[in-house]
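In this document, chain identifiers A, B, C and D correspond to the written order of the chains, with residue numbering beginning at 1 in each.
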Amino acid sequence: MSDFSMLDYGLGILQALLLIVLSPLIVGMMRKIKAKSQKRIGSGIFQPYYDIVKLLRKEEIVSDQSSWIFRATPWVNFVTTASAAFFIPVFLVYSPFGVVGDILLVVGLFALGRFFTMLAGLDTASSFGGLGSSREMMVSVLVEPALFMTIFVIASFYGGTNISTIVSSANDTSILIVPGILFALIAFFIIMMAETGKIPFDNPSTHLELTMIHEATMLEYSGKSLALMEWSHAIKQMILFTLFVDIFLPWNFAEQISLIGISFGIMLFIVKVSTLASFIAFIETRVAKWRLFRVSDLIAMAISSSMIGVIFFFL
Amino acid sequence: MSENLSILYVIIAFFSLGATLGLFTRGQKYHTYFTYIPSAFASFLTIILSLTIFSSESIHLTFFNIQDLFYFEIFIDGVATFFLLIIGLISFAVSIYSLSYSKKFDDKKNNSALGMLFNVFIISMILVVISNNVFFFLVFWELMSLTSFFLVIYEHENKHNLKSGLTYLVMTHLGTGFIFASFMLMYTQTGSFSFDSFRDVSIIPQYVKDIAFVLAFVGFGTKAGMIPLHTWLPKAHPSAPSNVSALMSAVMLKIAIYGIVRYLFDFNAIDSSPDYVWLGVGIIVIGSISSLVGILYALIENDIKRALAFSSIENIGIIFIGLGLSVVFAAFHLLSLSVLAFIASMFHTLNHSIFKGLLFMTAGSIHYSTHTKNIEDLGGLIKKMPWTAMMFLVGSIAIIGLPPLNGFIGEWLTLQSLLAVFQIPSNILQVSLAFAVLAFALTIGLVGATFVRLFGITFLSKSRSFKATNAVEVPRLMLIGKAILASSCVLLGILPFIGINLIVSAFDLPYTPSSPFETISITNTDGSNFASLLMPGVLVIFISVIVGIFAFVRIIGGKTKTVKYGTWDCGFGSLSERTQYTATSLAEPIRRIFGVFYKPNNHIDVNFYAKENLYLKKSINVISTTRNIFDEKLYGKVISGSLFVLDKIRKIQSGKVNAYILYIMITLIALLLFVGFGTHE
Amino acid sequence: MFTNLFSSVESVLVVSLLLTPVVSGLLITLLKRKRIIETTTIISSSLILIQGLFLLPYILEKKTISIFDGTFYLDSLSAIMIITISLVGFLASLYSVNYMGRQYDKLIVDGKKLVRYYQGFNMFLFTMLLVPVSNNLGIMWIAIEATTLVSVLLIMLYTKQGSIEASWKYLLIATVGLSLALFGIIFFYYANSVYDNSFDSTHGMDWTNMVENAHYFDPNLVKFAFIFILVGFGTKAGLAPMHTWLPDAHSEAPSPISALLSGVLLNCAFYGLLRFHIISSHSIGPEFSNTLLIILGIISLGIAAASIYFQKDVKRMLAFSSIEHMGLISVSVGFGIFLGIYGALLHVINHAVVKSLLFFSSGSISQKYQTKSIADTSGIIKTMPVTGFMFLIGGLAIIGMPPFNIFMSEFLMLSSGFSSENFLASALVILFLVVIFASFGKHLLHMVFGNPKSEMKKEDLGKLSMLPMIILVSIIFIMGIYVPEPLQTLIEDATKIILVGGINS
Amino acid sequence: MSDLLLPTQIDLLHVSAVILLIATFGIVVRRGFSDWLHAYRYQTIILAGIVALIGFITSIWELYIVSALTLGIKAIIIPKVLFYVTKKLDSPIKLEMNPYVSLRISVIASALLVAMSYFMALQLPISSDETISVFLPVSFSLFFIGLFIIISRRKALSQIVGLLTIENGLFLFAVVVTHGFSLIIEIGLMADILVGVIVSSILLFRMSKTFDSIDIENLESLRDD
């Protein structure tokens, strides 16, 4: 597989940078849509960029209880998510770095980031941090099986855990509305909501200890660290959306490298992702946050639907 | 060949030297050096020996014999070599660690027994692996159990240790009974006690092989701590001194795995008989259950060493899953997949020895400097003992299976072989194995939670008791011992092919060893890439991203200053260590979700300032307990039932001499009738 | 008669072997001083051991020794017994000097009783030595009966309530049992006498004669006879459910005597059983007696397993473990193949060695703790390190832990069980062995480890009592992984005798 | 041996066998210590007579010596010893108060045992030698009745008597079946019995000293529960 030209690698890096750079934009867009649907004006869609830049410039306050783990966590988060971005095809049908790692590696990288986030939550000796880590632990424990079962379905269906393979064979297959994949889609959607802390699971925009899961772990952050945390969270969300559209809506990728193809691919990608984002934002305004122990039921639904997907695939 | 043999003799000699010196230099100033330097040296030689045998051919020798029945014969082939490597590596690190650790007992107990048993324990494990005859295998196997048992009850003043020691001894003896039975079944077919005769499978009919394997699996599984025969493990490992528990968990369990591997791939030579499908599925099922149950117990455990012991059960489960998959694949002639699964399980075996040894040694260091194993009393240790914390972090990341450490490679391989079940031509199997994937995934998630809890509560935030407050970093030798294993975690993580090549050449699998910088790639039948992994590449990406983001932040953000300030306390004044999350509360949500399994029970009692006023509460105590269903339901029932029967039987010793004479008369008449009927037929 | 007595060295050896204890018994009766009788006993027992060892090469060389035209007949089987008896007897005499001396100092026994003890000791040795050398089965029976009477006198030495009760039960049960055995013997004699009229009644009772004629015996008669023999000698050999006298007698006797009873006497009775087992398997084939042996053995194992778990008294526990091991031996003889019988005969020796070690050490322990109760004995390893260590080794050996000697014999016996395809029996044996392992191990750990109940000073009792224990421990270790060649050949010959019977086939 | 016997001799054999059985029942039905000993003595005398009779019939001279020995040791010395013991015993009550099995039932039981022994004797493939076919069942019944006495009685002395009855049965059996195997063994047997009785009487003394009764109710302390 490693017969790539420099151009390929360049495009691969371009894809990664695209994800990293566009991710705050998606966040801003979703905020805007929410605001609109709640009859608010809301901040502009570029607000997240301003926030990041601002935060990067501000001084940082660090809890005196905390250790180097606390300070390292934002960097680890950013590095893991950003490197995960390298394995995702965006407008090409493949990513030249597909050889280096597959979807399991991506999951592993996310898990590494989450591991450090949870530790950071515990590190500050505040009860909020512990609360956040504890809840994060629960959600991650439950999401894991659902995620792997979905990967199991997809891998068996598209013959690989190598994302490039998946995308290309998804791109080739004409019919996508087979029950197995449909159930996988449902499962993956729920997982996506959970991983990105969307409403029925979590509500990042409030700071109520009743509601927050992910927020609580990064409550103590400020300045650079906060910026990195926010940004890496945005990248993670972006990657998940991209994976979703890559796997379940794989239309008209650029088969071979040509300026038109690539530009068309980029356009199409942005359209797909933004529609998905607005859809999710719309859902967020319609449903209420669920009680913490109801969340497990939701994820159980994801697991079961992915299992059904497996059964449909095999029988 | 000959020089390898001489190395072997030197190894044995040095271990015995360590044992004798350990016994006779008690109370001396340099006692620990006399004891553990020989063992360290011998272990190092063991590594050398295994590496040389990888390159040269295997050793097969026969020594004296008894009544032409059992020869004392040794056979060091690749299988043995691989496990010799594990033994050597871990015991090398642990011996160095023990140089300082065993000083812990200096004034309290006599170190001499500890040192002696330590050496004998290691050498017995080596001899188990290389002995090639039923009798001597069993002798060394039981010697291994016996020495480890004595090490478990080393602190026998504590009644609790004695109890757990007895449990261990009995359970392991039960296991030996099963192993013995299976060997004997083979012996009835071959008529020889030598393993060589077991190897030529032609004379042994299939069903005998199956029964023998099942018996052996139960026997070795007891030693490996598979559910539901695991009950001794979480009792024994915490009771032992930590250097010993490191050896037991990291190496001794692997000796059990060695036994199973011998049976499966050496005595049995898996062919496509349908039995193997079900054997394999059985192994997978037991593996999944063990991993899940083990980690569920580890998650809520507050004793750090018990938690590690439970996680050993979980890892053994994962190894079993790999083995079972490889059997199933082999039974369906999917050879490459079978090889993949086998590599996965062996890689995980290697990994688990390394990081579990590391973690147990770290737990030992914690106990060494805080004198407690209860994580509720710990906290904030990362500031007191930074290096130990670092080691524990490495161990945790490895055992959770996060990139870029070795644990990730093991679990990646296992997952890949699990994902490949869609190539099995049987729908029922595919669907049922999908559940194994589910269990495995759940296990991975729970492992993450477990080690977040262990590391977070032990090392981060404020100290929860004075024990933790007064902790200091452990002596340098202990750190070196841990560092050896930690660095090998990293090495195997970055360059997995080192491990894979070892396995390939040890079990001479149909697969060519390649350079450490190769890509692990699994290709589909149509040539497209199923999955591939190139850890060095990942590292490169890491570094570039780090450089990039660092540059970006410096350019955009410029230089900013960081201020240390108290944690946000909602304006309630300074936070005390009482306000932070405890280990129990951290696990509470999961405990609730899996309540079916834990049967948790929160006993709450509230004291009021005044009876009549129920609003002003003085204090609220919550005692939250969980129940161990295995000890209660399974073992409790069995033991009480059998004791009932025994009690009835022994009552015949009633003390009445008339009754005794009556017994004789009855026996006589009964036998006479027996024969009378016999003659009339 | 006396001409052919001095014709050969071995005959002289045999006669002097038998005479030594008698003479020393007489000497003891004459001169009653403590020191002297002790030394006499030690000398006589050591002489017995030496003569036994000298006898060994002759038997290894010419397989069988027959003197006084076949009144005394020795083959490898009897040689094994003689070696065991003389070894345990020698060590027991060494131990008793120290043990009884301490009892004497504690005024538990007075001079008169001491004299009676040493007389009894010698006579006991004599009667037990008479069993394996006598060819005439009637004389053998008389010898075994005599062992009962002598040992009763030894057991009731302390004349405590317990010892009287124990000796009464022992006397009654053993006598009843042995009278059954005599019934059986007479049956065999009858079977031997009826098959033809040209039959001399003088040699009709001889084992050699019976084995020769065994083919002509009436099968049904042999079956009846063997049942009587089995129940009879089984009672004395402690096979359940006729074992009931054994725990009482062993626990109430003085420790050296318990060692002799458990290590040797049971084997003597079982030796008698073996002789008839050979005859019956010659006349009607081995299946019949094998089945019976297996059945009784399994029952013994089961009952021993049940009783050991709840045991409160150390010596009773040891006694029950003797029942277990006799059961094991009879089962594996019943398996009836070379491996099993070899293992059983090896086990006879191993069990004698280990059990005497255990009785010696437990004797010293109960003298120090002044109780036989398991519950009140703990932390031996702290209060008396050496004795505790030996007790631990003995205990681990008796429950079949490698690398100690019993493991090897048990390994042989069980493997014979599998290869003779008695799978059910072997499975049961393994099950009971595990149960016994657990229960015995529980008591052992509680006694050896932990902290002693009350503060007592750290010292082992008696240097002289150490010596026999050290000897035994070394034997246990050596025979754990290696059996010396002469012993191997001896046991092999004996096994052949049992398998193919035959005086020199 | 297998030569034909005269009818009178056969009748004699039968009669003597019956008398022996009656004497044995005599032991079963008695209560007092001395009564047992008397009964035992009668039984032994009859036994000696039978031995002599067989000796006369089969014309084997050793049997006369044997019967003489029997008379001497079993009918005179042993009862004497036991009488002495009973006199010396310091327990006032010298009779079996309440046996485990009441006397009436034990008579029936022993009758059953006799029947069983006859059945057993039929099972046995013994040649049609008259003496044997007459006395084999009798000796069996003596044996079993002796066992039964031991089982059913509470007093140690009665158990000794039971033992002696067993011994008698055994002795009769030996004599009948083997027509006196070599004399040494006979003498050895006698000596054994004698020593046994002496030992047991020593034990009886000890017992009555320590427990001031020879009731074996006292001997139940060594047991497992």
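The criterion applied here is as follows: a contact is a pair of C-beta atoms (placed from the backbone, for glycine too) under 8 Å apart; a residue touches a chain by one contact, two chains touch by 3 or more.
Keep in mind it's a predicted model, so treat the numbers as computed, not measured.
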item	value
Chain pair that, of all pairs, has the most C-beta pairs in contact	A-B
Of all other chains, the one whose Cα centre sits farthest from chain B	D
Length of the line joining the C-alpha centres of chain B and chain C, rounded to whole Å	45
Chain A-chain D separation of Cα centroids, rounded to whole Å	101
Between chain B and chain A, distance of the C-alpha-averaged centres to the nearest whole Å	35
Whole-Å separation of chain centres (CA-atom averages), chain B against chain D	70
Per-residue overlap in chain C, given as positions that touch at least 2 other chains	168-169, 172, 176, 220, 224, 247, 307, 310
Per-residue multi-chain contacts in chain D, two or more chains	123, 147, 150, 159, 216, 219-222, 224
Pairwise chain contacts under the document criterion	A-B, B-C, B-D, C-D
Touching residues (chain side chain D, partner chain C) in the complex	123-127, 143, 147, 150, 156, 159, 163, 166-167, 170, 173-174, 177-179, 181-182, 184-185, 188-189, 192, 195-196, 199-200, 202-203, 206-207, 210-211, 216, 218-222, 224
Of chain D, residues touching chain B in the complex	100, 120, 123, 144, 147, 150-153, 159, 216, 219-225
Touching residues (chain side chain B, partner chain D) in the complex	650-651, 653-658, 661-662, 664-665, 672, 676, 679
Chain C residues within the chain D interface of the complex	136, 138-139, 142, 145-146, 149, 152-153, 156, 159, 161-162, 164-169, 171-172, 175-176, 179, 182-183, 186-187, 189-190, 193-194, 201-202, 204-205, 218, 220-221, 224, 247-248, 251-252, 307, 310-311, 316
Chain B residues touching chain A - in the complex, by the definition given at the top	380, 382-383, 397, 400-403, 408, 412, 415-416, 418-419, 422, 427, 430-431, 434, 437-438, 440-442, 444-446, 448-449, 452-453, 455-457, 459-462, 519, 521, 524, 526, 528-534, 537-538, 541-542, 545-546, 548-549, 553, 556-558, 560-569, 575, 577, 579-581, 585-590, 592-593
